[in-house]
Structures are given as structure tokens and as C-alpha cells.
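Remarks on the structure that follows.
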Amino acid sequence: MTPRTTADAAPPSATAAPEPPRRLLRAAPMAATVVLLAAAPLFLAPYATTTLSRILVFALLAASLDLLVGITGLPSLGHAAYFGVGAYAAGWITIHLTPAVPVPLLAGAAFGGVAAAATGWFAVRSAGVFFLMLTLAIGEIVRQVAQSWDSVTGGSNGLYGIDLPSVAGAPLGNVGLLHWYVLAGAVLGYAVLRAVAASPFGAVLRGIRDNEPRMRALGYRPYGYKLAAFVIAGSVAGVAGALLAAQQRLVTPSDLGFTTAALALLAVVIGGAGTLWGPCLGAAVVVLVRDALGPTLDGHGPLLLGVVFIAVVYLLPRGAAGVRLRRGPGREQSEQEPT
Amino acid sequence: MLTWLDANLVSILNGLAIGSLLFILAVGLSLVFGMMDVLNLAHGALFLAGAYLGHLFVGQQAGWASFAGALGVAAVIGALAGGGLSVMTEPLAHRSHLDQALLTLGVALVVAELLSIAFGNDVQSVAAPPGLDGSTVVLGSTYPVYRLVLIGIGALLAVAVHVVIERTRLGLLVRAAVADREMVSALGVDERRVKAAVFGIGSALAMVAGVLGGPIYGARPGLDSTVLILALVVVVIGGLGSVRGALIGALVIGQVESLGRVLLADLASFVLFGALALVLVLRPQGLFGARAQART
Amino acid sequence: MTESRSTRILFSRRSVLGMLGTAGVVAAVPGCGSSLGGGGDAGGGGQGGAVKVGLVIPQAGVYAPLGVDMQRGWELYLNQHDGRLGDREVTTVVADEGEGPESGVPAVQRVLQRDRVDVVVGIVNSAVALGAVDAVTSAGKLLVVSNAGAGALTGENRNPLTWRTSFANAQVSSALGDHLAGQNLPGGVYLIAPDYAAGEEALGGFREAFEAGGGRIAGEARTPFGTTQDFQPFLAGIRSSGAAATFCFYAGGEAVSFVQQYDSFGLKQTIPLFGSGFLTEGGVLDAQGAAATGVQTSLHYTTELDNPANTAFIDSYTAANGAAPTVYSVQTYDAAAVLDRAIGQAGDVAGTALSEAMGSLGTIEDSPRGPWTFDGQNPRQTYYLREVRRQGQGYVNAVVADLGEFAQPA
Amino acid sequence: MTPMLDGTGLRREFGALAAVDGVDLAVEPGARHAVIGPNGAGKSTLLRLLSGTMRPTAGRVRLDGRDITRLAEASRARLGMAQTFQHSSLFGSMTARENVTLAAQRHGGHPAWPLPRSQRGVAVAVGELLEQVGLATRAGIAAGELSHGQRRQLELAVALACRPRILLLDEPAAGMSAAESARFAGLIEALPARLTVIFVEHDLDLVFRLAGHVTVLHLGRVLLSGPPDRIRGDPAVQEAYLGTRDREQLFIEPGGADVAAGT
């Protein structure tokens, strides 16, 4: 179910526009969630808080991927590349320039966006399975660069010893403070995605997802919109990467590898593509399954993960159906046509 | 020029051997995709299953009987597994590529993990059949006999697949289905059975490739994803749904992985995906794919 | 129609999410409290007479066989000592390191924050170890690495709370470099390794020692890490270089493929193969089979070492596990041994106290690998030149020569 | 007077078959121009060549005197060319209002604005358009859940939201009931007179009610072009239709319930 973005602009004659109280109601769970997340360190033990922080980082990655998969209809297998680029950029700047708070975040956003622009200009030209493959190739090439460029990335050992982020010169020296930093960054990134999705631009992205040929007939040139969405998603993924660098204090090539990208996709599909908040829940499930249940399975976590993949596809078709990859214009409609 | 050729002839030959194996692996993937739009990410796990099957039957002391037995059993199990996958993907026929990719990725994870439970995490090696396990001198260099034989097997299978696709009724249906899926139903043929047949043949070839690849690659956790990536690259470079494309793609990647790594030794890690990206940027539908636009 | 379908599906997704969510909460909740304390909180069994150890080893993925050997080594030591280290009851919490930092770092965080261990032991992967240093030491705990070979762990900028009972990558190969420099190899030595950090360090250690001894490098190559199954293109380069010997650094699946192909492409007969010991260690040797015979490697341990401690160790290890030990078992066995002494000496399990005790342990005389001491925070130990030989049904790394004592190169 | 839309020598081949084979077509500003012909005559292909969905193998298209042959579909749309499709082609997951808004914001809103904003002018225009096509009460329903007739109405609203100078309708009344068809004709009649309309239609009653000029295609060529009266009585046209199997369908059926009748 896609959010009804243009509802704000409903003329008085319309009947189905949600009244203001309902809009407030819709914002309420969001606000409550943020408050709850903010209060978490006060009553949770350190490890639970750390897990929560890790979920937030991954949730922002999943939500940014959802802007591509669920809202624009571009299923990317290489989104972790921008996550990783942002993480390396933020980590490098923290080590070599400054850990002062907004700087690493901005660096993550900038580098993630630039990397997405540098690769997106040709990636978004392709469609369907070719897009899947091209993004997979981009992801692998970027991972390989991270692994080979020792002097900057630390190669396969990763970029380690990243300082804690600091606010006004004071490092965020415990799990709770770090959690608040991650939360702030994640809320910020999520708000950007939300705003983009609810904007006229976001409506165009949904149009492209639903029916790209028709968009051309309406006078839209989808390429520019897709590229912009790709860059925004890459930029927000870069922010998530910067949060990872702060939270994990280590960035390695595997953070931008295929596994990370596939898990992010899984989160999107579990939660329901196109909703932005759904993938965040999906991310929580994925992280909990991997980190909390996985280790109790004698090292057979991948087995459980595989079962989850299969189950999600069969049991949660709605989450997946929301994707509506472009399989020919109006396929569903023509099937419903009366005869 | 001659000295260059002299120095690299073995690498070119080796590229042919690797290309042959890749063709056997990739042709099934290509047909299944071309026909049913199913991106089968479990293909690599089938290869690995074949490799472990080879290990189980053949182990370190190869006999011709056990090797042939492994090939036969691999073909049968592969065909059954393919049929199973065909049934599993049936409910997803009208869903997105992403759903199918996630489903088969899940299957791949489960199969690979079950294999690791059954065979452990150690590297297992598989011996080549007697007589083929030695090396011979080719063009002045020592070269394993088994790899030479592999080139022959690859050529043989390429011809066989070509004949099946071009000369038999099943081949006709497959070609028709690749061109236009609805048309097959219009011919009064149960489309699902054609799909199951193609899936079965493709998966059988993947497992056979696993047995054949055993003496070169061995059997170990993680091999599945490595060969899957190779097969995907082959298929995408060659163009989806085309036997000829799979053959050319396999030969190209065989050379990229062999000669390319010799010539661009410093960039060895980048040549594979570099080649893929290059092809897709220049020709987004692959070298032999004609239907990129229709397939969006 | 559409309406009812979407409600039903929505419902089913909710219920599944609910189930998973509940499971997650149950898993995450234990140990409520606050996360807003200072950076290093005192943690669990500080003075209480018991000690809690987090054993972080790979239980899944390609490194899992190493994890098995490490855990066996650890358990063997504890079983031989009544489950006590430094006369304190030991609780071991095993955590799965997985294949890399994405699972390894959370595993370290988990044993630290949730299980509140006093010491973290193990770790195969260098990236995980480097990432763990911050987490462990900022909590004021001791980290004892029993495999990962990254030089930086115990190098110049080492953290005072990080100790290692295994080796540094460059250390293992420098022993061989030093040895080969003394041989007459007019064609020089060709170097080859995967293009990742450990390979780079190994080649660096070899190169430095080899060139310092007057050796000549005939050529070098880096193979794509983790994705190379076919080494023919690189073998062609070795052949055409005219080298008199090859030095390589491979482990796991790549070690099997490389050694087998080095043989089947006919190089083994003409250009002898040398490598860091992991090339032929543990399970990979069985898989390599006859192709490995004659391959020579340097390492600080082999089951063929002839000393009483090793004989006893092998007997009890084999009796307990039905399999022979590997260098990985010994390194973790020794980690338990040094902790045993350090805890006893310090009478405390706080990081700084333990670290101080570790520094004053002197020579460990009764290790299966022979006597060794800490030099810096890494072992100074004897390296052996080993050659793969057939023995009965299987293959072993027979000791050919004693290469002398080596510490981590500066 | 410069024709609003002018196609000369248009040709489009599919393999060996020329679906459109040297068609000349001039549409005057403000015209109601119908293109008719039996199935397979090349009507839809011709429309696609005009709209830019398909490139011609040969020939030129001019819009208001300007050569647009090489312009992409989107560019033509920006020059004021809007279209509806033979098979409803909408944004299925969006409401009727969102569908029209998507078109309207492109031509008078801020389509690239990446933050939420109320496009007051667009909203008003969308409301009026929905009112105009009779969907005001269905504005909040997802397009995929509208009835067939309603979707065709929505198609028209979407096309009109592009503020077109020229409107290309491909079988706009296909699949409509007689009542719906009549209402639809009323909608077209109520369009501003300066708006040029080209439409392909099977329902000849509708054609002769709406069109001021009719072009008959047969086997990819223009058989005849002229005012409706001349077309109705022409023996060549009669024969062209008589030659087809679909004669009954084309001439006798009142509303033409032939959804599947494509070219």
C-alpha cells in the first residue's frame, strides 16, 4: 500500500481525503517510536542497546534501499556499495581529520551520493534483470576496490581504530550516548526519505514504478528522476554507513559486499516494499535473526536465513507484491478487464 | 607476435577448458531465464551438490565406473531437483524477478548449508578418472590431461544441446517459449511441463558440471557462490535465453579469467566484473540478447 | 476481492512479524539495566573467584574447521586442569565469529556486553581481531588472540591489553626468507599470494628477510582473494620468470587448489614450492593428497615435533577428539596456558593486572611447540622447516630443519 | 493554414511486413479527426508513429509546422501532445486523483520538487478535471479498482491534465456499454473547440457522431480521406470492410463490446 502523497492537496469536493485528525493519528506511532527508541538506553542493558543501535543503522540502509526498490521499482543488488563508501569516508575523516559530530555524517552523505551518481548514470539506463546484474557488478567492483586500496581503506583488515564521534570536543564515550547519536542520524536520514517519498518528486517515482512508458507519454523523462532517486538513496545509505563507522568503529570490505546488499533486500521484502517504515521493521527482524538467533544454531545461521528467505516469498506476497516491478504496462489491469 | 602467442598459447588453451566447463554450467541458467524469466540463484548450489556427489562416489581413488556412476546419478538428481525448483517457482510466475531471485537465493543458502552439515567444512578433493589424472606436454608446457578432455566434453555437450534445441520438438517448444511464452500455451502444450523439462535439463547440466569440475575445483563451502557469479556473468554477457550466447559468453569469460589475468596481472581482481560492466554499459542487453527492451 | 486479499495478507504478515518480533525481544531483553554508565564498567566475576572467558571462534563458514581445532585445544587444557585457570573456576562462553567482521565484531560485543566476560580469547580473522581491540580494551579487558596474524595487533602501535599466542604473518614467512637466502638460488624466488592484507604481510616479511640475506626476487603476483579457483594464468607467469623456487602464502580452499595445480601443471618438479605453514596445515593437507608431497613450509608447530610435551599433548588430544591436533589447537591451548599462569600470578582478572602478569611470564617451557617467550606481546618462538611426506595412509609435515628463533619483524 | 499535425510518407516495417506503408495525414487545428479501418489496417501503429511511442522507418511528422520526427515521446508530450491508450494504461496502485495529479503537476506543477508541498493550482485543476469526466466521487479509489468504463474516463482526464493542444485517442470507447459510450461522446463534444482531437475508433456510430474528418486505412495505406458523408457512401470503403471477417462487428454491433478487438 503506497502512502497517499497528494492527499494534502485534495480539493474540498473530494470524498476520500483523510481528515486532519487521521493524519495526526498516522504521525503518532512514528513519534511514539522515536520517543521509545530514545528512552531505550535508560532501561536496557548495554548489549541490548548496542543491538538496537545496530538495528537502526541497518534500518536506515534498508529504508534507503526501499526508495529504490519499493518506490522507484529499481531492485538493486549493489546498494551496500554506497553504504560502504559512506562508512569508509566517514571513518577515514574521523581518523584523519576530525571526529566532531556533523562532519563524518556529512562526509558519508556526500561520498555516498557521489559514488551513486558516478555509477548510477549508466546503471539506471538498464532495467529488469539487467539492472540486478549491473548493480551486482558495481557492488563487487566497489568491494574489490575497498579490498585492494590498502593505503586508504586498510584492505581486507578494514579501517579500524575509528575514534568515537565527539560533540563539542567530548567523545560519546558510552553505549547510550552512542545510541542517541545513531538514533539522531537515523531519524534524520529517515525524515529525508519520508519527505522525498511524500513530495511531488516521490509521486513521479511511483509513477515510474507503476508504468514507466505512460510516464513518457505524460511528458516525463524518467532517466533523470531515476538517477536522482538513485543518488538520494545512495546518499542516505552513505549516512547509514557513517553511523556504522561510528557504531562499529571498524569498516571492512564485507560491509559493502553482496551479503549485506542481499540482507538489506530481504529486510525490504519482509517489511513490505514501498512503505519505508516496513523495511525498518524488516531490518530489525533480520538483525535479530542473524545476531540473536543465528549464534544459537551451532553456526548454522545461514540455514535459518535461507528458510526465512523462502518463507517470506511465499507467506508475505504483499510485501513483495508492493514492488510491482515493471512487467509490461498494466499487466494486472488487463487481467482484470471484464469480458 | 609469435613469441607472444607462444608464451600465451597455454593460457588460451586453458581458457577454452574453463570456458567449456562454464558453458555446461551456464547454458541451463540461460535457458531457464530466457524461457521463464526465472533468475535461478540456486544454480551454483546445484553445482556444489554435484561436486560433493563426485567426492562421495569418486573420492581420492577414482575409477571409471565410479566416475561414470557419479555423472549418471548427478544427472538424475539434478533433473529431479530442477523439477522441484520448477514447481516451487510456479506460484511466482506472475511476480517480480526480485521475488524469484529471493526464493532461489533462499534455496541456495539452505542447500549449501545442508551440504556443509553433511560433508563438513573441510576442503574435499576429487580425483580425475584413471588415465586422465596425469599431465602431458602440450605446446612445450606441461598441461593436465583432464582439462584437455574437458574441452572435448564441452564441445560435445554444446553440439548436443544445439541439436536438442534446433532439431527436437522439445527444442522447438523451448525456442517458442523464449520468443513468446503465451504462444506455447496457444499451441496446446502444457507450458508448465515444458518449463519443468527445461528446468530439469538445466539443473542436471549444473550438477553434471559439478562432477566434471570436481577434479579441478574440488568441493568446499563457498564454491557455490563463486561459480554462480561466474555463470551469471556468462549468461548476462552472452545474452539471456540464447544457447549461442551462453557458448560465446562462456568462451569469452574463460579467456577473461585465463588470458585476461595473464595480460592484466595487476588488475586480476577487476577483470571479471570489469568485463561485465563494460559489456552492459556498451550493450545493455548482452552480446546476443535481442529482447532487452521487451523484457523490462 | 482485492480488499479481502489484502486484509488476509496483511494479517499473515503481521502474525509472522509478531512471532519473529517476540523471539527477538526475548533474545534481546536479558540483563536489563542502564546503558549510560561510564566507558569501562567493572563487569562480572572481577574479584569473585571465578573467571568468565569469551571464546570467539568461527563456527560457521569457511573458517569453521579452524574454530573446531581451537575449541578442542581450549577444552583440552581446561579438562587437564580441572576446569580452572589460575585456580579460578572458568566459565567459557563460545561465540560464533563467522566469516568476517560483520558477524565477528557483534560476537565480540555480545560476549563483552551481555555475557560480561573478563577475558576474550580466540579470533581467526585479522579484521575481526583489529576491530575487537577497541571494544575489548576500552572495556578494560584483556584480549588474547590465538590465531589472527595481522602485524598491527602486536606491532609498533599495539594496545597494551592485546596479547597474541599465535604468530604474525610476516614472522612466519621471514623464517623461510632467512633460510632461502642462504641457499644457492641463482634464478631467484617468485612470490605469490592472494591480494589481501595477510598475503601482503606474508610476502613483505619474506621479502625483507630474503633480500637482507642477499636473495633475489624473480617476480611477484597477487591472485584475486577468495574467487580464484584456477591458478593456471599465474602459474604461467611463474614458469616464464625463470625462478629457481616459489614462495607462496595460501590457506584453506585456495591452498588446496594452488598446491594441486602447481603439481598438475608440472611446476613442482622443476621449481620447488615453499610457503607459510598454513599452506599444508590441518584438513587442507588431506585434500591436497599426493600433490603436496615435497612442498616445504615454515611454521612454529608440527605434530612431528619430538619433545615430551608434544607427545603427551598429541596423545591426550587424539584420545579426546579422535583426530590429530593442528597448529590452531596448540595456539589456543597455549592461550589457556598463559592465562592460567597470568591469572594465578596477578590474582585478579582486570585487564591491566593481567597484562602486567603476561609481560613477566618468562619462557613457557612446556608448550607442545617447544619453549617460547613473549617478545613484545607476540611469541618469540622456534620455526621449523617442514616437508610434506607420505606416512601410512596419510601425509604429515615432517621436520626437516630447525630454522632458529624468530620474533615479529619490526 | 498550417496543419496542427502533419504526417508525410509515414512508413513502419516489422520485419518484412509494412504495418504502415506510406501514409500522408494532415490534421487541421481544432479538427475532430477519426482514423478508421478494419483490424490490421495499421491504425494503432499510425497513432504510435504520431505520438512518438514508435519511430517510423521512413517519413516525417510535423507538429504545428515543426519537424518532430526525431523527438522522443516525452518531448512531444511537452509540446502539447497527449494520448490515451487502447488498453488502459494507468498507475494501478494510485488513486484516480493521484493519477491525474501526476499528469497535471508535470504541466503546471513542480514535478521535481523533492519535499512535500501542496500544489494548490494543480489540485484545483485536478478536481475540475475529475468533475469534468464524471469521476469526482471516485477520486480516492485506486485506479486498478475502477470499472472498465471509469478507467477510460480516467484515461481521458489524465490526458487532458497534460494541457494538450492535440489529443490522440486510441479506441477510447472500446469495451464501453452503449450508455457509457454515449456519455463519452458527450465528453468529447464538450472539449474546447480549439483542441485538436485525433482518434482511432471501431464504433462507427461514434465516429460519425464526433468526427468532422475521417481517414480510412486499409492494409497500411490511406484508402480515403474526407468528410464523414463522403466516407459513408464510398464503395471502396464498403468493400474494404466487406472484405474483412469482422464486418458484423464493425458495422452492426451498437457499442462494440469487443474488448479483445485489437489490431
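Order of writing sets the labels: A, B, C and D. Residues in every chain begin at 1.
FYI, a residue touches a chain if its C-beta (ideal position, glycine included) is under 8 Å from a C-beta of that chain, and two chains touch if they have at least 3 such contacts.
Because the structure is a prediction, the values reported are computed rather than measured.
Asker: If you take the chains that touch chain A and keep only those that also touch chain B, what is left?
Answerer: Chains touching both chain A and chain B: C.
Asker: Could you pull out the chain whose C-alpha mean position is farthest off from that of chain A?
Answerer: The most distant chain relative to chain A turns out to be D.
Asker: Across the interfaces B-C and A-D, which one involves more C-beta pairs in contact?
Answerer: Comparing B-C with A-D, the pair joined by more C-beta contacts is A-D.
Asker: Taking each chain's centre as the mean of its C-alpha atoms, which one lies nearest the mean of all protein C-alpha atoms here?
Answerer: Checking distances from each chain centre to the full centroid gives A.
Asker: How many angstrom between the C-alpha centroids of chain D and chain B?
Answerer: 48
Asker: Which integer distance in Å separates the CA centroid of chain C from that of chain D?
Answerer: Their C-alpha centroids are separated by 72 Å.
Asker: Need the CA-centroid distance for the pair chain B / chain C, whole Å please.
Answerer: Computed value for the inter-centroid distance: 35 Å.
Asker: Centroid from C-alpha atoms only, then distance chain A to chain D, rounded to Å. What do you get?
Answerer: Comparing mean C-alpha positions, chain D is 41 Å from chain A.
Asker: In chain D, what residues contact two or more other chains?
Answerer: Those would be 144.
Asker: Check each residue of chain C and list the ones that touch at least two other chains.
Answerer: In chain C, the residues touching two or more other chains are 61, 64, 195, 224-225.
Asker: Where does chain B touch two or more other chains at once, residue-wise?
Answerer: In chain B, residues 229, 269 touch at least two other chains, as defined above.
Asker: Can you list the chain D residues touching chain A in their complex?
Answerer: For chain D paired with chain A, touching residues are 51, 53, 72-75, 77-78, 82-83, 85, 87-95, 97-98, 101-103, 105-107, 109-120, 122-124, 126-127, 131, 136-137, 139-141, 143-144, 147-148, 151, 158, 162, 175, 259-260.
Asker: Would you mind writing out the residues of chain B in touch with chain A in their complex?
Answerer: 33, 37, 39, 91-92, 94-99, 101-103, 105-114, 117, 225, 229, 232-233, 236, 240, 269-270, 273-274, 276-277, 280-281, 284-286, 292, 295-296
Asker: Tell me, which parts of chain A touch chain D in their complex?
Answerer: Interface residues on chain A, with respect to chain D: 2, 4-6, 8-11, 13-17, 195-196, 198-204, 206-207, 210-211, 213-221, 224-225, 228, 232, 324, 329-330, 332-334, 336-339.
Asker: Please output the residues of chain B touching chain C within their complex, sorted ascending.
Answerer: 7-8, 10-11, 14, 18, 60, 116, 120-125, 135, 141-144, 216-218, 220-223, 226, 229, 257-262, 265-266, 268-269, 272
Asker: Under the definition above, what is the set of chain C residues touching chain A in their complex?
Answerer: Residues in contact with chain A: 6, 9-10, 12-13, 16-17, 20-21, 23-24, 27-39, 41, 58-61, 64, 67, 95-96, 98-103, 105-107, 109-110, 112-114, 126-127, 130-131, 133-135, 150, 152, 195-198, 200, 224-225.
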